[in-house]
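Structures given as structure tokens follow.
The following pair of complexes shares a single chain, chain A, combined with chain B in the former and chain C in the latter.
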Partner chain A sequence: MGKQHYDALVIGAGHNGLTNAAFLAKSGLKVLVVEKNPYIGGASVSRELYENWTYSNCSYVCSLFRPEIYRELNLAKHGLQVTPFGGSVTFTRDGNFLGSYPDPEVMYREVARFSKRDANALERYHADTAKWCRLIRPFLMRTPPDPTSFRPKDWRELAFLLKKFHGLGEEQIYEFMRFFTLSVAEFLGDYFESDLVKAHFSGSGIIGTGLGPFSPGTAYVLLHHYMGDVDGNIGTWGIARGGMGAIAKALAGSLREFGGEILTGDGVERILVKDGRVTGVALESGAEISADNVVSNVDAKRTFLKLMDEKDLPAQVIDKARNFKIRGSSGKLNIALDGLPTFTGLSKDNPLYKGDFHFSDSLERIERAYDDWKAGMWSRDPYLDMLIPTLTDPTMAPPGKHMMSVFVQYCPAKLADGDWTDDKVRAFGDTVIDQMAEYSPDLKDLILHAEVRTPREIEAEVGLTEGNIFQGELTLDQLLFNRPFPGYAQYRGPVKGMYMCGSSTHPGGGVMAAPGANAAREMLADLKRDNTVPEDFGDD
Partner chain B sequence: MTKQYDAIVIGGGHNGLVCAAYLGKAGKKVLLLEAADEVGGMARTREFCEGYRVSAGAHILHSLSAQVVKELALLDHGLDRSGHCLETVILDEQGAHVTAGRDSASGEGLSPEEIEAYASFKKKLRSYAELMQPMMRRRPPRVAALGFRDSVALAKLGWNMRFGLGTEEMRDFLRLAGINIYDVLDEFLGEGPASDKLKGMISLDAVMGSFTGPRSPNTVFTYLCRLMGELEGDMQLPVGGMGAVMQALANAAQAHGVEVRTAAPVSSIRTEKGCVVGVRLASGDDIDADIVVSNADPKTTFLKLLGAPKLEAGFANRVSRIRNRGTAAKLHFALRGLPKFTGLEEGQLRNRLLVASSSDFVELAFNPVKYEEVSDSPAIELVIPSLADPSLAPEGHHVMSIALPHVPYALKGGWDAEARKAFIDSVIASVERFAPGFTELVVDSELLTPADIEAQFGATGGHWHHGELALDQMLMLRPLYGAAQYTTPLDGLFLCGAGCHPGGGVSGLPGHNAAAAVLKNKKKGRAEAVA
Partner chain C sequence: MNHTEQDLVTEDSPRDHYKALVKRSPFYEKQVALSNTNKWHRWKAYTVADEIECMEQEYFAVRNSCGVFDVTPMSKYRIGGPDAEAFMNRLVTRDVRKIKPGRVGYTVWCNDQGKVIDDGTIFHLEQGVYLLCAQERQYDWLMLSALGFDVEISEETNNIACLAVQGPTSCATLKAMGLAGIEGMKPFGLTHFDFGGAKLMVSRTGFTGDLGYELWIDFDSAEALWDALFEAGKDRGIRAIGGDALELARIEAGFILGGVDFVPANQCVRLHHDRSPFELDLGWLVDFSKESFTGRTALLREKQEGSRYRLVKLNIEGNKPAHNAYVMNGKGGKTIGAVSSAAWSPVAKANVALASLDLTKRINDNNIWVEIFYQKELKWHRKWARAEIVKDPFWNPERKRVTPPADV
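This part shows the complex of A and B:
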């Protein structure tokens, strides 16, 4: 490849990198996305890992994806279709289950089977969570202000934040402040008495996080997961038709339509800096590509500790990157099935079959799963978020066959008794399958192929440090103007022409695409070009 | 008709005494009612078995506000702050103890870098504590209805944060305030058994009295609260136990004309048309006053003494939501001699001794309490008060006072005699590991689980701080919206306990701030309402 020059070069063709590149290309910049894997998508990817089965082997559901971006980048035209999927089921050890049904009447009856009081609290619970989500949502597509700055832009943004909160009224402000340190267990305790009901709703508070349901701050994580919507329905989850890779494909289609380019199969070795300014990147293949601006979609730790030279960075940035909390806390199993497994007590024609399944029927079980992780073990009785996407999208497997996606919480990146080995990975996978088999007598016989992924595998393939799905913990110290670290929360790196657009930046992880879009907006402002990035259009 | 008293203070804990003293000093005629036979609340010193006395709850004097000491002239009223200032010894089974002072640390295996790291860590966090301290000495502002003084106080805070700390430190403060102590310690302190002990100590200090382990977010904040106490003075074991400190407070109150009546439990707060008119004693007697200040915890005050029907439903609901699951317990031992700790001189026993070898140790010790179980390897803070004051035990004998951060209020299977004995034995076994022969010295013991603390001292949930010290229960959220400025929805009813801003510990600040709020209060239309 000859010496080429780009206005902007994006490292990593994950959904945020592609989104960022698409908006830059749309404004007329010459853009290149560089991806180390031979395929694009990063963690929103679908690949054929077993004959005729499509695996979305990392992210598996979507709902956080910002509709503004979907519309602005014409993703429908490029083939992205999001289908809402059925409810959610928690199986109990005594052969019963609690399901989330979309029909409020049915849902009421369902919960009333376990607690009348809890059934009565449902409406209040949903209304309240929707209210808090609506409050947070407008901040997703905005750049966080720097509270130490005196620039008018930051003051305006701070004023916007304050106004939003002030608009809540005093009582509601205080109610919201509780989220700073409320645990998801306490939050749910405000509404529900049944441990099963609490366990059923608590999953969103811990998924992807190195915290347990009793840890302060997990109520916020729950909101983060609830913020998503499909077609304007807050809290609804969807599946991308054709697998999560369809998102990356559509974004790539949009990028190419605007004239952007993608280079796959060659990773970035180093970001090149000269005289305090980015000049381009050196590739693993040895080639160099020059660019005026380099955007890293890689997590903050990897970006500063691996892709950049220490001498090009202020010392405190290196410290900050080292102290940035990224914890591998989850694993994933992707299983090709010869047929649809039976789950005791749940009939196969129940629409809940299309939803996600959980097998932890009490908060204590989930918290104990967390205790194992703290001690450097994978959970002996893990919290699972299992889904059979082929029930919603049959194109992902041959007719009559199925694909099962199992998200596992908790699985540490480092084990107390030494490194991960293939045997340990297998044992981890068996733990997960054994737990499901307790509820499904025929599951083990139906398994054709199981891919087991611990943080080690996710990091090796996708490049996420410790395999953390959010590119960094969603705790108070790493949100808003603290994400990824204080002083660098506005997508600009410490070197001129260097930017960050991954989930390590505000507003964080989930296949949301907001970090990519926000970074593009800041870059376009720096380059004095017209903004192509939409604002939150607020559909309530 | 003139009433006999201007104000009644319910409860003679330290905050009640402080509040009464300030009100008396301002010229109010104050009656303080205490249910027990003597004042002091959880900080009183009492006999737990024949011949042995110990401070029931709080056993170390460390956070008492210097301002309160000065303004109430407590030194003239019998407060003795001349004693030995405690250092902390983090115990090691083999005798490789680490001793830590305010900013100094020493011990086997501690490198100069590690000592320096500890000092600079403390200095950094203390600067945050200093930043927050002025907010602790005044009533918390209301965010949506800022008065002039509130705005000034907040502006001052903002100014100090921005210019006092500087850009980088302000950023770090905003990052650290909500985080967990575990990660912060990993960032700042080294690794290795000696540094781990310092981390264990700080972890224990950060979680003592709250439902958290060092990995729980919010524990840097609780540690900052602890450091604010450190700003007031060094730790001491007072002569006469904490009860002597309480006596000094009572003396100060009485010197200001406060009438202290003990063994006078209040059964209810009487109201008319939304205004307080006095209290009713358990004896059936009524006492009238336009102002009633409750040192009881918020749940007791609102739900028991007043009753939910007298409150707006939303307010009552918020009261019941206050998180006050106590997790800290006390264990007292009567000893027939002074225990010998491996590698410790007798003089070093006058310090605070900790079983907390690392932050992981403290975190593991926290796990069981989540499931209403007890750890068989608990984190322990122990002192031997009889070394500071031999009169606490018969000659040659000693008392040991132990605080345990992680003991459940309710135990799976119940706190029956068997469970209590098993738990006491497991603590004895823990101490024995560091002090061989300890078991033989034990004459008698007393265990105060959170449930016992509730039963004996009336704090709902047995919570030392009358409510968790968490960001969502601090400042204008402590104890709850609608009663966070020491006033309550009822005209004439005030709160002054640890359930209020700035929270627990024997600081006296809630009492001080509450007195200011009482004195500032205008009687809004009271005359018309209650003729």
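This part shows the complex of A and C:
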């Protein structure tokens, strides 16, 4: 392989790297994806860690994945199937719960159990959130304009942005300016009075984010989790049959069909640059591969500070990469269960059992959980997003057995009292299991095996710096033409032939595949090849 | 105020309410007993009949004898307290002071941008006490609007059952039921009767554009009312009707429907997809002589600067209903709007439609066409049809206005 030459080499077989490579290969380029792990997928991965149980080690639910890409890359043919699952639950400490039901009238009744006003505000809440989604969604499959450039393309894109913005109407433009600096607590406060209702909806505003529900900017994070869809149902989440790894597997199938290759189990040590142009990569094994173009699926910080020689970079880029906000704030438990656990108060035949469970019944509890993180501890009373995917996907465990996926907010990358140790990781896992056990008397007895992942494990395995799930915080200073940093938002790196295609780039994290596709479109334009990347379907 | 209990379905285990998907009005069992089509649809929390036995027969009951439709799912709010009149007057575009006790008024209410949130009726029950009825839920908007007013707002949706009794024999039926003096009630009048110890409210209102009444009673007395009504009307062609028949009747009457002919402003997601009262041909409901009401500034500006849309009633040549049709300026000309409701009117023998025209386009009122698509045994036909803009409702019989109505 050492002597081989590629038109494009993609570093990392995360779903964005695979997407990028597939579109490049589709245009006829000779493409290689290099992945350090012996398996593909990055944070969109599934592995068997306990015999006959499929673990979606990182991401666990799917909504953001762009349907245009799904279709264009024939992912259905390559085995991908996404099934929506119904609802979510927040348990209260007094034995009750609030559920989100898909049916609007059942949802009305449910919220009315706690507040009639809030039940009546649901329509307005959904209409307003839909307005923001409509504003943002058209930008997902587009390259952000450079507001300082005078190129006609940037002007066109800026005009498109302004037109969308203007399409909001006068009132909404004011509201919009507020929206991006609003906390999720304040945003929800515009609609709801019940603390439980607010806590229930606020989770999407803090997931993966080093911010609390009262921190400015978290309203956008909520939207980031709301703007996806399953078959056009905006805000709906689904389960990929076979786990999130099925997405990577389907993308790899598509890539190979277009003639692309994947090399696993050998990481890139260095991106090679000569005379201001990339020439290829050096691998950890010592081999070198030459390529005209090198695309990094790895986060921006790692790409510039670890994979590149600082001497090859403009000083300001090094500085920007150093200051890139990529704080680890999440952990994950994946638990193999001998049976379906009981949760006090919620009957097992309730359709909400298929949904995700939370145990934080007030905004204050979530904010306190954040306080612990700021102090360099994992939350003693964390915010959990727990889901039992086997209730929707029969393939992930033997019949009657179950898989439990527990996303944990907050868990710091660096602890105040020193480095993470295996004991501390275990203690972190116990904190999480103990919280759930308060609501589930039989949970502990059903545990066959648990995988506990703190930012340390996530960084070590997926390469996400500090374990930040989005490859960089989703705050306004790091969005759109500022993602990953100003001047580099159009997927091109500071060195000729070098590109970025990971979640560090617009439109950001989540299993969305848009960064990978957008990067491919820009590259194909530079290479003067026909575009293979589809346009978005559009909402109107 | 604790509102929650009344919204629950299974009292023994309120958290299992999801098992009871839809509510049943107190008239549900009565309709089930009559229904042989088993066709229902959902209206907010409730299920209501599309058709009981035969849509045509039900429609003709409304136009020829007496049709009874269950409007219990209507959102109903009782508004009282010292500031009730001032509150109502700020809320709606009409001058509420002109709706005297014992009278009902049709109105719209708008947001600050002067766009219609919903239309509905105000029942002035007694001095300073109102019942507001609308198709959509209004509690959120009412509570927001009530800031600073000393008012009490209580939801009555699930306390008051309501039947629309519509058609030429409706008055006689109610008289036979023992509602003495009902024939003296004027359109938009409102009175109370004793019904076996329960309070029965009767208004001369409806959604059919015909002679008709609405009966309002507490849930517990609802079945007894149904029985008495059907007994009294059995020789006067009384018949339970479903929503399909009502839909045809309301189009003939030229009445707009929320979610069909306009998008309620607080549910509207797309800019300029909402409508102002002027744009719905309801300018007559806007009373600028009131010094302040919600939306006034925006509506005044619209009045001066012009509207974006115009709702028109179209009388279309031929007999193919213009469902979802584009409206064109001249045959094959530029698109100037779209039909939102269409029907062949059996009673007016006309092909009628409600359409919204885009006022940024050039429109020649005398050369309006619609492009109708219809299918016969899998073959699609496309037909150009000339349309005439008409001012009056397609169906507007004298008996709707006459007091006392003919005793038939």
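Assume the second predicted complex is superposed on the first by the 537 of 540 C-alpha atoms of A that agree within 3 Å, B and C clash if a C-alpha of one lies under 4 Å from a C-alpha of the other, contacts with A are read in each partner's own complex, and residues count from 1 in each chain.
Everything that follows uses one rule, which is that a contact is a pair of C-beta atoms (placed from the backbone, for glycine too) under 8 Å apart; a residue touches a chain by one contact, two chains touch by 3 or more.
All figures in this text were calculated on a predicted structure; none of them were measured in a lab.
Applying the stated contact rule after C-alpha superposition, one finds that A:169 touches each of chain B and chain C.
After overlaying the two complexes on the shared chain, residue contacts for A:127 are found with chain C alone; chain B is out of touch.
Using the contact criterion defined above for the overlaid structures, shared-chain residue A:101 touches chain C, although it does not reach chain B.
When the two structures are aligned on the shared chain, A:110 is found in touch with chain C, with no touch to chain B.
In the superposition on chain A, A:531 contacts neither chain B nor chain C.
Look at A:316: by the touch rule set out above, it reaches chain B but stays clear of chain C. Once chain A of one complex is fitted onto chain A of the other, the partner contacts of A:351 are limited to chain C, with no touch recorded for chain B. Once chain A of one complex is fitted onto chain A of the other, the partner contacts of A:119 are limited to chain C, with no touch recorded for chain B. Overlap of the chain B and chain C interfaces on chain A: residues 169, 171. Of all residues in chain A, only 96-97, 99, 101, 103, 105-106, 108-110, 112-114, 116-117, 119-121, 123-124, 127, 130-131, 134, 167-169, 171-172, 345-347, 350-352, 540 touch chain C in the complex they form. Contact residues of chain C toward chain A in the complex are 3-4, 7-9, 14-18, 21-22, 42, 44-45, 112-113, 137, 139-140, 143, 155, 266-272. Considering their complex, residues 142-145, 162, 167-168, 170-172, 174-180, 183, 187, 212, 215-218, 314, 321, 323, 363-364, 367, 370-371, 470-473, 476-477, 481 of chain B touch chain A. Of all residues in chain A, only 147-148, 166, 169-171, 173-174, 177-182, 186, 190, 211, 214-217, 316, 323, 325, 364, 367-368, 371, 374-375, 475-478, 481-482, 485-487 touch chain B in the complex they form.
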